[in-house]
Structure formats: structure tokens, C-alpha cells
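Letters are used for the chains, namely A, B, C and D, taken in the order the chains are written, and counting of residues starts over at 1 for each.
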Amino acid sequence: MTNANDSHLLEVRNLKKYFPIRKGFFRKTVGNVRAVDDVSFFINEGETLGLVGESGCGKTTASRCILRALAPTSGEMIFWTKEGQAVDLAKLNRRGLRPLRPQMQMIFQDPYGSLNPRMTLFDIVGEPMYVNGMTNRKERVERVAELLRLVGLRPEYMQRYPHAFSGGQRQRIGIARALSVNPRLVVADEPVSALDVSVQAQILNLMLDLQKRLNLTYLFVAHNLSVVKHICDRVAVMYVGKLVEMAPTNELYRAPQHPYTAALMAAVPVADPRVKTGNVELKGEVPSPANPPPGCYFHPRCEYAVDVCRTQPPEFREITPGHFVSCHRADELKLPGVAL
Amino acid sequence: MTNDEMTSAKTKNDPVEEVPLGSVFAAKAEERVSVASNWKLVWWRFRKNKLAVISALVLIAFYIIVLVPDFFATQDPEATEAKLAFIPTQGLNLFDGTNFSPWVPAVVGKRNPVTLRMEFKIDETKKVPIRFFTEGFKYKVLGLFETNIHLIGPQDPKSADWIYLFGTDRLGRDQWSRMMYGTRTSMTVGLVSVILSVIFGVLLGGISGYFGGWLDLIIQRLIELLQSLPTIPIWLAMTAALPQDWRPEQVFFAITIILAFIGWTTLGREVRGRFLSLREEDFVLAADLAGCSRFRIITRHMVPSFMSHIIASSTLAIPVMIISETSLSFLGLGIRPPAISWGVLLQEAQNIQTLALAPWLLSPGIAVIIAVLAFNLVGDGLRDAADPYGH
Amino acid sequence: MNNQTALLSVRDLQVHFLMDEGVVKAVDGVTFDVHAGQIFGIVGESGCGKSVTMKAVLRIVEPPGKIVGGEILWRHRSKQDGSAGDPVVDLVKFDANSKAMRDIRGAEIALIPQEPMASFSPVHTIGDQIIEAILLHQDVSKRAARQIALQMFKDVGIPIPEQRLDEYSWQLSGGLRQRAIIAMALSCNPRLLIADEPTTAVDVTTQAQVLRLLRRLQAQRNAAIIFITHDLGVIAQMADYVMVMYLGLVMEQGTVNDIFHAPKHPYTQALLRSIPTITMTPRISLPTISGSIPHPFNKPRGCPFHPRCEKAITGKCDARTPALQLIGEKQLVSCFLYHDAEVAA
Amino acid sequence: MLRFIVQRLLLLPFLLILFSIIVFWLVQAPPGDFLTSYIATLASGGSSINEAQVEALKRQFGLDQPGYVQYLLWMESISKGDLGLSLEYQRPNTELIGERLVLTIALALFAFFITWAVAIPAGIYSATHQNSLLDYFFAVLNYIGVATPNFMLALILMWIAFSNFGLSITGLFSPEYIQAPWSGERVVDLLKHIWLPAIVLGIAGTARLTRVMRANLLDELNKPYVVSARAKGLSEWKLVWKYPVRLAINPLVSTIGWYLPQLFSGSLIVATVMNLQNIGPLLLRALTQQDMYLAGSILLIYCFLTIVGTLISDVLLALVDPRIRMEGV
């Protein structure tokens, strides 16, 4: 991958997260679920990187490793701090992470489970500030009011509890909480998939607007390719714990280089009855990350698979500037994308 | 981001939401409900359960007795008078004709010419008037000051007309007064042993659930071991092992600890389970990512989330403790005379012949049933109300 | 509306939930027709009443829910073939647990439920549960029923069907479970298949497989399908005719082309505008629908959409509920922008 | 599945050894020993024994040895199938416990079957007829059942029978069969007597099980598989019995693991009140008399029964639930 670029905010190198499978009375480890298996990518400051894939592909695990909600099995995660230092998040312990916490925050999928029902809006949005040193209550009240206004809620709601709000409103509260400590990197894990269709656009607009205004960097984890396309500058595609492709959004959608990416895009039903989609069918099922096939993990389902795919795992390489793919046949295949 | 930017910020696309709140509550109570804390919501739901509220009042009454049993007692519970054995219960009448003027019928004794024993009968024609706040034997209120005022007593404390609301036992001791003292012991044993259980359970279950790993493994195995011991026989063996010459207070505390020792496992498991599931909750992760300390996460986010459940479970555990104490004492292996508990009192009712002669000796059993029933109803009410968010 | 050829005609259906806190009018006067061989799509967001409507058609609304009004007219299959002579029955008049209703349920109208995992009993084999359905409605031996089930498994593309029949639902992958559920629904050759969000719980590639399968089976068997979803993309690709619901009421009905290319109701219009599509210019601000869906307890007076509607007419939309009226040839709309008919109180 | 059972069986001796240590420590924990209290009893009766006799008795029972030697001696005799000698009765414990153990198990099993036979149908009825009159009736009964200590219930029944009919409902046999050897008539006589103590013993459990069954079934009735079964056209009655009832009972099977042992040890109190010849009263007396080998043996038997009860329930659970059977814990 490229050398430490000045505009990089985060660079992930060879990240692995294995979950041991334990069995029996003595809880012996009999195998590993390779949730994230040797993943490398980077995020530039101010951009949105989309991380897509089907359920169980490891995208959520990867994002939680970056925030160090999980301890990675191995790999490096270099983060360029506000002060201009490069630190490896993978090597820090709980105490070492604390000063960095304000710089990276998260927006959750579930607007119900992510807000403590026993705390008022003021306590929820104000807590990150409080634990990071803003102990003056009056200051916090003012700041929470600002944040609520910023995400489109009325400051008077501060004394209310989450149960008084709808899903979309709660998601706004979650965003306000994430922004309260002026983060640079925001990891959004499926931020709109639990919301009603008519509310999704509100949240997407808000996120785009806030990014522009506050120069935020997003890691946008999602399974909905339309939403990802709408909001991301670059997109990385995961399959069974591995990255299969990463490219600028338009390039990826127009000319995917990995058969899985192409199949994924062909499967998206387009909301236009005149455009018939879904005619190419991806056969078979996703293999288990506890017991993946040899060679390229995608080969049992791939119509272009040749012998080398069955034995040799492909390398994740840059085939054109900024376009990474892990496919043996990437150079020779011409795959259909989405007409733009 | 600077404050200037923030204040000038105004979202263009999304107008500030003015839409009615999409809450699960009816529209009218909206504002009140919006700012209602969890405990308020629990209370509002609990309040709807009339049976539970009534039971709670019953329990409050019981615990008032626990605080000042002497005030409710009519006689010294230890005063024996062999001549006055097996006096039957007197019914308490609140009205004399239409006037409020409580009285009890007098008791008349006659020696049975065949058995030569005194036999007592209720004489409904003779009324013993009752007065409130009368003077009687001296006692200390909560160990603070001495008084001799009792809730009720005969009009003239010097007269020979004593009142025996629940009759007397084989030694002529007043059953009502003894029950007041028994209430103190039994209700306290239940409460204290559950509090101890909760402390053990929350501590060990919390450690097990939050930290996991080998600590969890050890505590889990310990709980399994304790749970596979046969409870009642082990209780008996432990209480039998208490030295005979211990003072009543020592025995009392020993019994409490023994009950708690075996009782904490259930609560410990529950706490562990709650911790395990809470650890996976997004709001706990959010607190972690915000940079909260472990201590803050546990005390601000996790413990408050299951506190109402623990209170409900504890309420349901108290009656189990009460029944256990009563059973142990009834078998002669729990609280020992001269201390008085419901179980000790019921020992007097073990002999079926005696019981046939003096069925009122079962009255402490009725108290047990009422107390246990009330705890169960309150506990169920709390459990149903404990989760206002319906997870 | 053309009543002659309709397989199912729902007329002014009302399903209310009588709760301690009050009455939730989950379905509040819904009317539509489904014709033989048609894929009838229903779109709507949470709380719009789409699932309850379908449960009402099957007469499996659980208490405290209750059908309080309307008709569900069903073209009952008579013994022999010949659709013309088939009698029309009103399912609302049946007792929910009567033999007559049970003979229609499963045999003539079948359900593909939302969660394939939870929709099989985990302690009975899948084969047992499918064979049970076959034995209920067909006069065959147990062995023959097993053969039918086996054939169904082959039809829906389940590999090694013999073995799968004797497995439990939790041993199957998500995609196979979905296929097994479809096999069970189709096992008695129903005339109408109700698919209640059949692909919500599965991934996009599995979704594509399931949708293709359903389309193929529908073509082979000429059964009608009612397809419920909140995904406009799925509806556009699957349905011939679309009904849009919001808070227990029908907003608009029409052919799939009319709904997507000439939507009349402000809700349909706004909904279509607000979703990002894969072919759209990225990173532009999307037109949004303001506010959120109110809880059914707080249902607004008049047109339920009026508080969020840009074109709402004060004094009209917030006071009276518009009726569903024919606009153009095949499109029905309930909106005062197009007519002045209101729902009779 | 098989591996799981074998694992459990292998674990059993270790658990028993662990429990035997706990038990032995408990029974010899009280200050003094059987002889001290024995001598005291003799002295209060006016007779006395001399030093030599005391020493002889001590040696006979190994009481002059340190605690761990006493334990090892006891263990040695247990491993030979001999539970040791009762200090008080001067008879082998095996002989004393023998028939009483059979009666203990018989009583517990009887109570167990009554519980299930009553609680399951009552729970199903309550869940399928929520808020009906009978549902409320069961609820009231359940609360009272849970709230009444079983010795209270025994006392009340005995008192009613005695004062109204002059009947004594204690004991497990009619007087003529108490000492008789086992025979068909004796079994019949036992069956005539056992049901009342069994009901007394099982009533709290029945109440609890009814409530749990009701709650479980209500949970299951809301599951999607019920909707899909209903949509097949299955009749409501058949459906409820085949699916949700089956799934609601499954978790109850695991309650056998603690309920059976609870019945074994719970019978102790009922037996004392109702004068039943099972091992309960024997334990009580042994404990108060510091008859340590007898008490220890009975406690160990209780432990054994408890472990076996748990094992039975685990095996049953695996049999009825394919998820456990095939995943193999």
C-alpha cells in the first residue's frame, strides 16, 4: 500500500481479528472464526470511506477494532492525531486510548439500544464532554443546546428521556453525542438501516451537511449499496473477512474489477420498473468464516474461476491508481457495472 | 469546530422537528412522560397494580411492628402464668352497640372436676373495655428512650381483666404479644439475609459477568457446586453445628448468614447474566468509546439498568428466606428459645393433641402466609413494572 | 373496480386493536382487488397496517386485534377446476377457527412469513412441518405426502432434498430456510400467496435469488402473489400493481409504472424522491419528508399524512379524511388535490 | 450427546468426594462429640461409665484419632459399601437407612408426578384461557400454594382431620404393616397413605410450575412459528398441543434438575410433622445427637440424590430437545 500520505487520517495494515471457537468442559480452543482476515486500507482526512458487504462478512468487526471496542488479533492501525503524531491504535491499552477517544466516535445502527434509557438527553449528549474534562455544568448545558440545534432538535428537549423520541430523532441524538467531543473520525455502523424509509434521507442529509461544515471523516459501514453510493467518496467491499476491492465510488460502481462486487451490484433491485435488474444470479451461499474454502474465498461461487483461484489466495493489489482488488483475473475480466 | 460556527449553524434541509412525539404513551400525558425518569415510570406502572399496592401497605404495617413490637404488644411476652394456660382467643369488637368503643369479651376459668385442669371460656356477656395508648410494662423504643405506652390495653391496667387477643400457650404466655416479637425476628431475618445475598450476589455475579475469564470460570463452578448441594439438609447440618451455648443474638446472625450463604447463588447468576447482556448493549459501548472509566460504566450505566430487576428479584427472595427460617426454627434447629420467631412459636403447635385443644397456636402460621403472600405480590408487581421500556 | 375477475376483493376493511391504553386503528378502511396471476405489491413504512391487513385476509389476527368492519371476498375453489363457476365467499363472515376457514387457509391462500428462522418450530423437523401441511389439505398417504414435499424441495432448488427434509430449521442456512418456507407455502398449490417481507431478513444476493425463484414459481403455477415490503426497489422489480399504505389507510393504487413514473399522492411522490438509488448522482442533498411517523395512538385527524405533507390544505386535509377515488384509468388516489370525496364518518 | 453423559458420569465421583469432605466437616464441626453428650445423658439418668469404658468406645469409633483419619476411615468403609456404624443405635447405618431411603424416593417421585400431572394441564388451560374465571382461580390457588410452608399445610390438614373426624393421617402405613416385610398388600397400604403427604410435599412446586408453564406458553404463543402453523390451516387445538406446548415444556424439563432434589430434601420437614418413616427424621435426630457417621451418611445420600436428579434432567432435556441433543453442549 502507499506510504504514509500527508492526507491520511487512518491507515489499517494487515488487520486480523479471530474469535476462538471453544468446546468442551475445559473450553479448549478448537478453531477460529476469522471475522477479519488480513485487511488493509486507509482513510483520507475529510472523506467518506464506505465499507460494504453482506452480513457476517466482518465489516462491523473491523470497524469495532478500529475504535478499539475490540482488541485486534494482529495488525497495525496507524492514526494521525490532531497534534500530528502517528500512533498505532492496536498497541495502545485502555489508558493509552483514553486521550484519543474524543478524536474518534461512533454512530450506531440501533437508535433504541444505543441511548441509555435511564439518562436524559443532557446526560447522554453531555457525558463524553464530562468524562473528557468539561466539568463545568453551565458550559455543558450551553454546548448540549448548540449540539441539539445542530442536529435539528430543540434545545428545550434537553431534560427529556429517550423514550419520548422517535427512531429518527434518536438517531439525531446519537449523532449529537458523537459530535460533542469534536471528533475527527466518525465510524457510522449502518446508521440508517433501522429507520423508516421516509426518515432515512433526513439522516443522510444531516450527515453530509455536518461533514461539510465540520470537516469530518466518515467510515460508513453499510450493506445497502444505494445508500453507500450516495454518501461515500470511496468504497471498500468485504467478503468473508477479506477485502476484495477498494476504489473511488464512481469507478467502483461503473467498472468493478472483482466478480463479487459486480454480482453484488447486479443483485440490487432498482426502484424503477422499466429497468429490469436481478437477472444475473449469484449461485450458492456465503462460506463460513470458521471454515473458508482454499484459494480465493469467492471461487466456489465465481463463474470466472480457474484453477489458480482454487488453490492460490489472490493478493490485494493496486491495479490502477487508487483502485485495489484481490482477484487473479482482474486484468483480463471486463465486468458489468452500473450505468451512471 | 468553534463555537462561532456552531451558533451560526442552522440546518437548511431539515427544519427543526415540530411533529408530535412518537412515543409509546398517550398524547395527553406527553410532556409529563417525556421528562419522567425510569423510577417514575416504574412507580406509575406499579401503582396500577392494586393488589401489589395493597400488599405493599401490608408489608409496611409488618415492618412498623418490626420497629416497635413492644408498642403493639399488650403484655410482657416472657411473663408466664401456668394457671392461665390455653386461654382461647377473644374477638376484638370495635363497636359497643352503635358507639365506637372497642371491647373484648371476658374470659372465665373453671376447673374441670375430672381432669382437675383449668378450662377457660369466653363470656360474651361480660365486656372488658379497651382503651388506646394505655400504660403497661416498660420498654425501650429502638433502644433510645424508655416508655410504657402501648397501643391498646384494658381500661384499667391494674385490674385483673387482661386481654388475650390470640389466647395463651401452654405456659400462659400471651400469644398476641409473642407474635409481635416473632414478627420482629422473622421479618428481620428475611430482610437481612436477602440484603446479604444481594451483596454477595451483586459482587460475585458482577465480577463474574463484567471481567469474565478465569474469575468467571471459578465463580461459575462455585455457584454450580453450591446449587447442587441439597439445600434443606445442608442448612440443617449447618445450624446443628452452631454451638449450643451461643447467645440468641449470635444464633440469629449465624442463621441469617447461613440462609444468605446458600441463597446468593440465584441472585449471583442473575446479576452475571445481566452484566453479560449489558456488556453487549450499544449504549454501554458508546460510554466506553466516549472514554468513560470502567467504574463509571458500571455505576452509571450498568448497575442502574438492572437495579429495578434486582430489587424485584430480592423482593421475591425474601419470602423464601422467611419460610426457610420458619421451617428451621420449627424443627428446633433455627432460632432458639428464649428468642421468639414465628417458627419458634409454631413449635408449640407441633403436637396434634395440643393443636386440637388450642388451634390458635397456629396463628403465627397465618402471619407467615400473609407476609409471604404480600412479598410475592409486591415482587411480581415490581417485576412487571421494572421494565418500562419493554425490552 | 372490476369485481368480475378478482380473486380477492377487500372492501373497506377495518381492523382495530383494543388495548388498555386505547384503540389502535391499525387498518382503517382498506379496499383493493387482487386478480389471478397478478403480483400485487403493498408498500408502506412501519405502522402502516400492511401486515395486519394480510393477517386479516388469512383470519389470523391475534387478540386484542379484531376485524370491526368491511368485507373480504374470496373466490373459493370449488371441487373441480373452472374459475367461472367458483363461488365468492366473504371471509369476514367465517369463524376464524372454523373448518371452512381452515380449508381455505393454507390450501387456497398461503403465507410466506417474514422470519424464516422463527417461522419453523425448532424441535420438529422441516419435513414434519411441511408434510403436516400437505396432509391437512390433500387426501394422500403419509408416504405420498413426503414425495410431494420432496418434489417441492427440488422445485425451490434445495440441494440434497432427502436429507434436508429430516433436518431442523436451525441446521439450514438463511437462504435454504427461506426456500423451505416457500416450499411449505406452495405445497398445497394455493391460488394466492401472501409474501410478508420475505426478503427483509436476508442479504442482497440471497434476496435476488429468492425474488427470482418467486417470479419463476409464479409464472409456472399462475398463482397470484401479494408482496409486502418497505423496499421500493424490490416492489419496482417484482410487482405488476402497487398499493401504497400509510397509517392504516390506502394512499394510492396503480400499475407499477404509474406509481413509479406518475405518482399522484404527495406521500408517494415524496417517498420516491427521498430514497437514494444506485444510479443517482452521489452526495447531493436529498429532498426529505419532514418529521416522523406518529405512533398509531397519536394518529392525526383528517388525512394521516397531512402534518408531513408539503401540499396540505389547511382546514381541509386536517379536518376530513379523503376517500380513495379513481383518477385516470387505473390509478386510485385518496387526496384532496385530485377530488373532494371524503370518507363517510 | 453420549459424550456429554459420559462426561457427567466421570465427574460424579469427584463431586461426591468433594461433597463428602464438606459433609464430614459439617457433621463433626460442633464442639464436643457424640460421647460427651452420651455421657451427659447417662449422667443425668443417674448412671455413669468409667474412664476405661469411654476409652474403649472412643477407640471403637475412631474418635481418638485426628479428624482426617476419621474421615479416611469413614471413606474406607463407604468404598466397601458400608456406611459405618451409628453411634446412637449401635447398628450399621446401611441397615438403618435401607427401607427409609426407598420410602424417601417413593414419596418424592409420587409428589413429582402429582405436580406435573396437575401443573401442566392447569398451566396450559390458564395460558389459552387468559383472564378466564378458572385462570384467576388457578392464580389465587398458586399464590396461596407458594405462600404456605408445607409443614403449615401438613399441620392444618392434620388438625382438620383430627378435630373433625378424629382421624390421624400421619404415617405411611397402617399400624399392622409398619413392621411387616414387603408384600403386595404392604405396597397397596403404602399407596393408600402416601398420596396425602405427597400432595402436601408437592403443593408449592405445583403452584410454581403452573405459573411457569403459563408464562412459558404465553411466550411461545406469540412466536412466528405459531402464526405460520396457523396459516397452514391447522386447527387451534392441534396446533397448540403440537407446537407451543411442546416448546413450553422443554425448558421445564431442566427444572426437574432442581425440583426432584428439592423434593428429596423437602420431604424431611413434612416427614417430621407427619411422622413418616423416611430418612428425614432420622437425619434430624442424628444431627441433634451428634451421631456423626449416621448424619454424614444421610447427608451424603442427599447429595447423591441431588446429583442424580440433575443428571436425569440433563439427559431428559437432551432427549426432548434436538437443539441440545445435536449441538451437544
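Please note the rule applied: a residue touches a chain if its C-beta (ideal position, glycine included) is under 8 Å from a C-beta of that chain, and two chains touch if they have at least 3 such contacts.
All values reported here derive from a predicted model rather than from experimental measurement.
J.: Farthest chain from chain A, comparing Cα centres?
T.: D
J.: If you tally the C-beta contacts, which comes out ahead, B-D or C-D?
T.: B-D
J.: Which chain's mean C-alpha position is nearest the mean C-alpha position of the whole protein set?
T.: B
J.: Provide the C-alpha centroid distance between chain B and chain D, rounded to the nearest whole angstrom.
T.: About 27 Å separates the centre of chain B from that of chain D.
J.: Indicate the whole-number Å distance between the mean C-alpha point of chain B and the mean C-alpha point of chain C.
T.: So the centre of chain B lies 54 Å away from the centre of chain C.
J.: Nearest whole angstrom, what separates the Cα centre of chain C from the Cα centre of chain D?
T.: 55
J.: What's the distance between the Cα centroids of chain A and chain C, rounded to whole Å?
T.: That gives a centre separation of 33 Å.
J.: Counting only residues that touch at least two other chains, what does the list for chain C look like?
T.: 285, 288, 290, 292-293, 308
J.: Multi-chain contacts in chain B: which residues touch at least two other chains?
T.: Expected reply: 13-15, 17, 19, 21-25.
J.: Okay, in this complex, where on chain D does chain C touch?
T.: It is residues 222-225, 227-236, 242-243, 246-247, 250, 320-323, 326 of chain D that touch chain C.
J.: Touching chain B in the complex: which residues of chain A?
T.: It comes out as residues 27, 67, 69, 94, 98, 101-102, 104-106, 108-110, 113-118, 120, 127-128, 131-132, 146-147, 149-154, 157, 159-161, 163-167, 169, 174, 177, 179, 181-182, 202, 205-206, 209, 213-214.
J.: Can you list the chain B residues touching chain A in their complex?
T.: Residue positions touching the partner: 1, 3, 5-7, 9-17, 19, 21-25, 30, 33-38, 41, 217, 281-283, 285-294, 296, 301, 304-305, 388-389.
J.: Can you check the complex and tell me which residues of chain C touch chain D?
T.: 55, 58, 60, 62, 97, 102-107, 110-111, 113-115, 118-124, 129, 132-133, 136-137, 168, 170-171, 181, 184
J.: In the complex formed with chain A, which residues of chain C make contact?
T.: Result: residues 45-46, 173, 175-176, 203-209, 211-212, 230-239, 256-257, 260-261, 270-272, 274-280, 282-283, 285-290, 292-293, 308 of chain C touch chain A.
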